[in-house]
Every structure is written in C-alpha cells, then in structure tokens.
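In the two assemblies presented below, subunit A is common to both, partnered first by subunit B and then by subunit C.
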Partner chain A sequence: MNSTLNRHWSPLYLVVAMLMTLSQPTLASEKIPRLANGKPDFSGIWQTTSAANDDLEPHSNRKDAPPSAGIIEGGTIPYLPEALEQKKRNFENRETLDPARKGWTLGVPRAVYYPAPFQIFQRQADLNLVPQFGHSVRTIHTNGSGHPTDPNDWWLGDSRGHWEGDTLVVDVADFNDKTWLDSAGNFHSDALHIVERWKFLDKNTIDYQATIEDKNVFSRPWNIEVILYRHREKNFQLIEDYRFTLDYDQFYPPKPETK
Partner chain B sequence: MNLFRHLKLAITLPVFLLASISAYAHHAFSAEFDGEKPVEVTGVVTKLELINPHSWLYLDVKDAEGKVTHWGFEFGAPFSLKEKGVTKATLAPGTKVTINGFRAKSGKDFGYAVSTTLPDGRVVKTGGAQDAPTAVGS
Partner chain C sequence: MKNRNRQHYTSLTGGIVLAASLLPAIGFAADDTKAKPTPPAGGGIAQEKTVPVIVSGKWTGKRLPDGQPDISGDWSNTIANHNNFTDPQGRIPGEPDRPGVKRKELGPRAERAPSRVSDPVDGQLPLQDWALAKVKEFQIGFHNPVKQEHVEPLARCAPAGIPKSFYWHGYEIAQYPHYVVFFFNSGTRIIHLDGKPHLPSSIKLWNGDSRGHWEGNTLVVDVTNQNGKALLGRSGEFLSENARIEERYIFSPDGQRYNYVATITDKDVYTRPFTVTIPARKWTANDKPNGWHFEVEKANSPQGNYEHYERICTENNGGFGLGAASPTK
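For the complex of A and B:
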C-alpha cells in the first residue's frame, strides 16, 4: 500500500517542487516595496549587524573591538606606502583622532554601517538618508542630474544615483578629507570617489556594496559589502544623537590645529 | 488668546536668543583670533577648502630671504563666498592673492581673513564671523 502511494505521489511532489523553485524569483521581486513608478522603495529604518565600523579589515579582538573577518573583498585595503604609515599613526591615536568621537559627520560610506539606525525617505527624484548619529541628511539624487560643475568639499560628498534594473547605483564624489572610513583609522583624501550598489535581497534586507577609490591614498579601487536589516520593532524610531555641546565644544567648528 | 500669544513669545524668545548665543560662541572670532594682531600676507594659493561651516584657504608666503611659510586662513561658509563670486576657480592653486586679517591667538601661521585681494584687483570680504573687526585697523 505504502509503495503504491509513493509511486502515485512522487511525480506530483516533483512538479510542485519544480513550480515553487521556478516561481521563487518572481515572487521575491513582486514582494519588495516599490514606488508608484515601479522602482524599489528603500524607505524605512535600517542598520547593519556587522562590526564594519570597528575596523573594515580582518582583526582579532582588542579592548575597543570584538574580532571580525572584516567586510573587504580580498581582505585588506590596498594602501599606498605613505598612506599606510598615516593609517598606522591614525590607529595608534584612534581614541583621540577618530572624527566620530568628536561628534563630526560620519561621512560616506561610514554612515551606512555605523552601528546605529538610519532612516531612508524616498521619492522618485531622490532618497534622503538620515542617520541617528549627528545632524546630517544625505540626499541621493535620482532625477538624472550629474555632479555639479563647481562643487564644494562636502562632508557627505555629492550623490547621484541611477537604476540598473532593481539595483540603485550611486556615484559619490566631491568630498572633504575630514572623515574616516571606520574607527580604526582607515582614512581617505578629498579625492575619494565611491560607487555604491543598493539592492533588496528580500523586502526586509538590503545588500549594500561599494567600490572605494582614492588616487592619493589607495593603489587601486577596492570593494566592501554589508547587509542592512530593516528595523521591525514596534514603534521603532530614530532618537536624536547630536554631539553638539559640553565635551564636544572644543571640536566645533572643525579647524586646523590653531591652539 | 492674548495670554497665549504672550506665552508663546515668552517661550520662543529665550529659545531663539539661546540658539543665537550658542551659534555665536561656536563661530566666534574672539575664540580663535587676536584682534590686536593684524596681518597682511601675499602668497600663492595651494588649496581652497570649501567646507561648512567655515572654509579655509592655504597659501605659501615667501619672505624677503626667499623662505616659504605655509599659512592657513579661515574664510566664511561656502555659500556666502559663492554669493560674492568666490569659487574654487577664483582661488585655484597657483593664484596670487593678498590677505588682510588677524593672526591666530596661538601665534601659529593661521589667521582670519577679513578681506582678500584677487589677481584682478577685486577686494572681497572673505571672513564670516559676526564679532570680527570688519576692517584691519578698525
């Protein structure tokens, strides 16, 4: 009897299993949130669980960071020799030199993987990213415009995005050199150029990739990748974390060492 | 209704004043620079940083013996400079400028730029601090 049943049902199971496999990608792409124009809608509050902000590179545990395999494709950052010396000095003095410890704007891409939530507000023409830390708002323009011809040296650079299928590709340029990439002293110059790729893995998960380029600091472009998770806790919200007064007063406004 | 209006004013006015005072304290000329130490330097621009809240201009200044000193001068916010027609192109590296201003209290080679004389002779007010002397010698 059992063997008769098995013979009878097996092909059906097979067909159902095949159908499920075939229909999965379609279902996933249908399920991600979309704007009225059909583009993926990243609106929401996001945060990484990675330890990227402690150190982008692989590291064992130390007093200010748990161990991590890092988030760099290929393991380490391809520093130019002089820049590597600067990085080592930064690392030794990270407790006092880290711009985030002074309450300064985190910069890009650090604001994406800093261990605090950030919120995305998205429209057809732009996305606005608001990190909980600090008072910055980063606008990614998706209206077809390019970088300005007469730029400033922005803390967050200038972000221009376009869609490649369901992936948001963002070109970020026109930075200043006052921010770091993590709290381990990994740094950049004002020649920093980043290309980001934002893509839904499912409706509550974003795969974030970035190619980082800086001819003054790195010998070649290099890639990072982190996963961002949507905050789904009941009533979850950003709570202002602005390091403005008291202990931080000495660091504002940022200036060369005049004292 | 009247009471409400007064109450609103009573609340908003001190908040506004406090905000102004704290902004003033953060951006104060007197915190960093010495109004008793005027400087005038002529040099060649090495870098203009158009950064909020204050821009900085760096230049190499050669003295009579040919010794080069690297100076940094605080400018106003990028937008206020743009309103006056000062952009990266105006102060590109290699541009010769004269700066009138005041030296840092530290005595180091930093200063506050009251005005900058451009190669075409135009004199532009480049400082942005509210409490700064408006002209050297005033």
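For the complex of A and C:
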C-alpha cells in the first residue's frame, strides 16, 4: 500500500524538488562557504576569464591581445590630459616597460585580473592573496587595524578590510608609482587609492568591484568590475612562477663536465 | 616618495667589489648593508650554539579546528645565516682579509654550533668528487666572480629554496584546512596536506612541490620537483634537480621550538643520503622586533599587535632589476 502510494506520488515529489532547485539562486547567500565567525570564506584558487589585463578599456584586437569591451563602468579611463599622453607613451613601449614582462609584482588591482590563478588563504584576522605569477604576497587585514600612521610607499599598497554584510570592503592606500594597471600602459601615481568590494555571486563565483582614484592621473574616480571563477579541476594547485629568475636560471646548478 | 623596505638587501657581504666586472651584464642586489663590514660570526643572528633534543611523539598542545597541531606564527633559526653550511657560525669559506677590518679570532671549532649536517656524523657533505670540485671553485669565485655561476642566486633575489629558506631571515608559518604555508622573506611555500599527487616530474621549481601530513607532533613533508638552483649557502654546496627531500618538522610540547630534520637523497651529486638539522624557535608579541629574525612592525590598532610589511626584492634590486632588467640586451 505504502509503496504503491510512493510510486504514485513520486513524479510530484520530483517536480517539487526541481522547483526548489530552481529557486536556489535566491538562497545563494545561505550556501556560500563561511568561516567559523560567519563571515564569507573566500579561500580557494581564483581566476578571471576576462581580457582585463590586456587592456582595461574597450579595444579592438591587436597582435598581443584579443578584442574586449573592457571592464570599466562608462567605458574609458578619465585621464588628465598630461597623463593621457603618458599612457600613450606607455602603450607604445609596453613590450619593454610593462613591469609584468619583467616578472615583477603585478600590484593592485592588476593581480586580481591577471590571467593566471591566485590563491586566497583566509583567516578571521586576514586574507593572504598568493598569485601564481611572481613572488608577492598581499595581505588584507580584517582585524580592525587601520593604515599605518607612518607608511611606506608599497608595491602592493596597504590593504585594510571590513565587512558590510557579506561584502568584503577593502581600502587600499600607500602605493608607489611603479606598477601598471594592465599591459596596455594604463598607470597610476603614488597617490593611488582603491576601494574594493568582494562578494560571492554563488559559492564558486566572486564579483569583484573596485573604485580607483588618483588625483595626479585621473579627473575623477572610476569603477571596474570583473568576475572571478573558482578553479575546480581535480588536484588543481598553484605552480610557482618566479619568472624574473629566467634570465639567470641557466647558470645553476653546477653540472658535471661532459666528456 | 619614501621607501624603507628592508627586504631587498640580500646581503652580499664579501661580494660587492667582486661583481664589478659582471655588473653590466647581470647586475646586482641593491644592498643597504653593503657599506658595512661583514659582521662577526653569527653577528646577532646566532641565538645559541647547540641543537636541542626534540623527539617525535604525541602532540599534547593546542589544536586548530581542523585537527592540526597549532604551530602558526613567526619562526626563525637559532644558529646562523647561510654564510657557511657545515660550519654555520664560522666564516664564509675563503673570505679574504679586508684592509682595516680586524676580525675576531674564531677559536676552536668545538666552541661553535655544530654542522647542519647531522648525518654523516663527521658533519661533512658526502659530495661526489666532481661536485666537491665545483663547490671549491665557487668558494674561490664567490669572493671575486669571473663567471655568472659564482654569483649566489639569492643575491639576485631568487628564492632561497630548500633548505636555505630556513636559515635566511625569520618567516611566518600559517595554517589552513589542508595546508601549511610558509611565508618566507624570499618566496612562499605551500605544503599540501590533502594527499593529492605530486606535479609531473618535468616541472622544476625553486621551492619544489611539497606533500605533507602530521604524525603527532611532527609535520612530515615529501618534496620533489626541485630545480636544484638555490645553493645551500655562500659556501656553494648544491643539490641537483633530482634531489628528493624528506622533511620532518618536530615540534616541542610547548610549541615554542621545532627542529627541522631533512633527509636528502640526490644520487646525481652525493655518494649517499644525508641529513640536515636546523633548530628554530618561535617569536611572539612578547619579543622585540628584530631585523633578522622577527621583521615586524606595530599595527595601527588598539591591540598593538605586530604585522608584516610586504616582501619585495627583485623590483628594488638596483643592479639587476632596474639597471639591467634584460641582460640579453
């Protein structure tokens, strides 16, 4: 009797189950990974599929990049006139001037949308962002501390985060002027100030937004947005990429004389 | 623009003049200590001369929620830097006298810390003849390089690799579910605890590829995929890319010490496996910051905790990075 009833009703259960599944996106915030303190846990290996690193702005295809509509709200970067000339010079000489071509620290925000994986190691008090590319480690402090009172000018700036609901809001300041924003020569000065907003779209997808301001280079603050996907390939891992050593790798280690 | 990064000094003591001839081609580590003479053996780096006995066994201390023994924090070796691998508190082998610099006599060998080589018991590395010849060549060349091979890779901001990272400045050990991560002054090492297989053997890395697991108070790590490029010290010893390293990090019951005990098997360079032992101690908020062992700054917070500033080397490296970014030019 019971079994007959079950069989009879099972299609309906199935429909209900399907409806519940379809309604999951609205419940996504309940399903995201969280730390013990309830804050979203961004631990994992992430990467963009965008062409942002080739050029943040809309661009046609070129020898060293595919076409892209860019990732800037409003389309283009509001350069001050002199800075725009500098940007053009950077673009012309990008092959030799781009810091990434030398294997140097990508900086912020470029390391977020550089087309290589980066891993987030997260604790309650901080997030350590380890890009596969290069050697740098970026720490975002989430322990309530402020920017240093006597700061350096850092390659990565100084990152202090706080939570607004499930969004990690990071204030990044105290930069030097030596990193680029992409490989097209978009640049900044040491007055760069960035406010980032990191939030889960679902457990395997992060929406990353940043407001970029720099009174020496831009006429107003401007916004970018990229989506980061979690690497879910089996056994996926970072493989160190200290490519700044490639020029001298050949000299080591010693080898026996060949006869 | 201010820049007082302390991470770019790759202390090339002994090696500054020497490289003048190589400088245009390869450049050199910018070094904020270069005007100073070599410090005496240890030079404040030496905290002690002996290696404590710590035995593998049960872990009775604090654990993290994922079950790992909680050993997170700042650590540093207690003996010496990488000047000399087998006589850690001795001098850089072959170091010439410098005019006007009076050096303290070292005294008998027994008064200094033992060799980092704990097996064989004579403390010497069982190098094959050809490899010993290369080491001797380096020990002369280091002080007056006439070949690129004579420049210590760390002086070019290369990662210190294994095992040198454990006696090159203090470092942070951070723990996460499935990972132990070493944030070294000269690179990052990720130990995978989840049992995934090693990378394909054709991939060669400065820090190798590490798989670990906990056995009581001991973190056991199997390292493959070495590129063999990082020297063991300014004394020039080296591994090949076929070296296999079995590491045991044996933590004391109070969690304030550990001994790094690594068995290295490398048939391309050595006549037999050998064991390296490096003692380390923890540095905490109760310690004063220390430019070698505990490179931290007070955070801007009511708690007054310490934090690390960014670790940067190659970009600030005046000779190599900024002056001759492309030596093939």
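Throughout what follows, the second predicted complex is superposed on the first by the 220 of 259 C-alpha atoms of A that agree within 3 Å, B and C clash if a C-alpha of one lies under 4 Å from a C-alpha of the other, contacts with A are read in each partner's own complex, and residues count from 1 in each chain.
Convention: contacts are C-beta pairs under 8 Å (C-beta built on N, C-alpha and C of every residue); 3 or more make two chains touch, one makes a residue touch a chain.
Please read all numbers here as calculations on a predicted model, not as lab measurements.
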Contact-wise, after the overlay, does A:Thr139 reach subunit B, subunit C, both or neither (first, second, both, neither)? second
Who wins on subunit A residues touched, subunit B or subunit C? C
Could you look at A:Thr211 and tell me whether it touches subunit B, subunit C, both or neither (first, second, both, neither)? neither
Mind working out whether A:Gln86 is in touch with subunit B, subunit C, both or neither, as first, second, both or neither? neither
What is the contact status of A:Lys178 with respect to subunit B (first) and subunit C (second): first, second, both, or neither? both
Contacts for A:Asp247 in the overlay, against subunit B (first) and subunit C (second): which applies, first, second, both or neither? second
Using the touch definition from the top, say if A:Pro256 reaches subunit B (first), subunit C (second), both or neither. both
Is A:Asp153 touching anything from subunit B or subunit C once the two structures are fitted on A? First, second, both or neither. both
So the subunit A residues that subunit B and subunit C both touch are 151-155, 176, 178, 190, 245, 249, 252-254, 256-257
Which residues of subunit B touch subunit A in the complex? 22, 26-27, 32, 49-54, 56, 72, 74, 78, 82, 87-89, 104-106, 108, 110
So in the complex, which bits of subunit A are touching subunit C? 36, 43, 96, 99, 102-105, 119, 121-123, 128, 130, 135-139, 141, 143-149, 151-156, 176-178, 190, 235, 237-240, 242, 244-245, 247-249, 251-254, 256-257
Inside the complex, what are the residues of subunit A that reach subunit B? 150-155, 176, 178, 190, 245, 249, 252-259
Which positions of subunit C touch subunit A when the two form their complex? 1-5, 26, 65, 130-131, 134, 138, 147-149, 151, 153, 156-159, 174, 176-177, 179, 181, 183, 186-188, 190, 192, 196-197, 199, 203, 205-207, 227-231, 238-241, 297, 299-301, 303, 305, 307-315, 321, 325-328
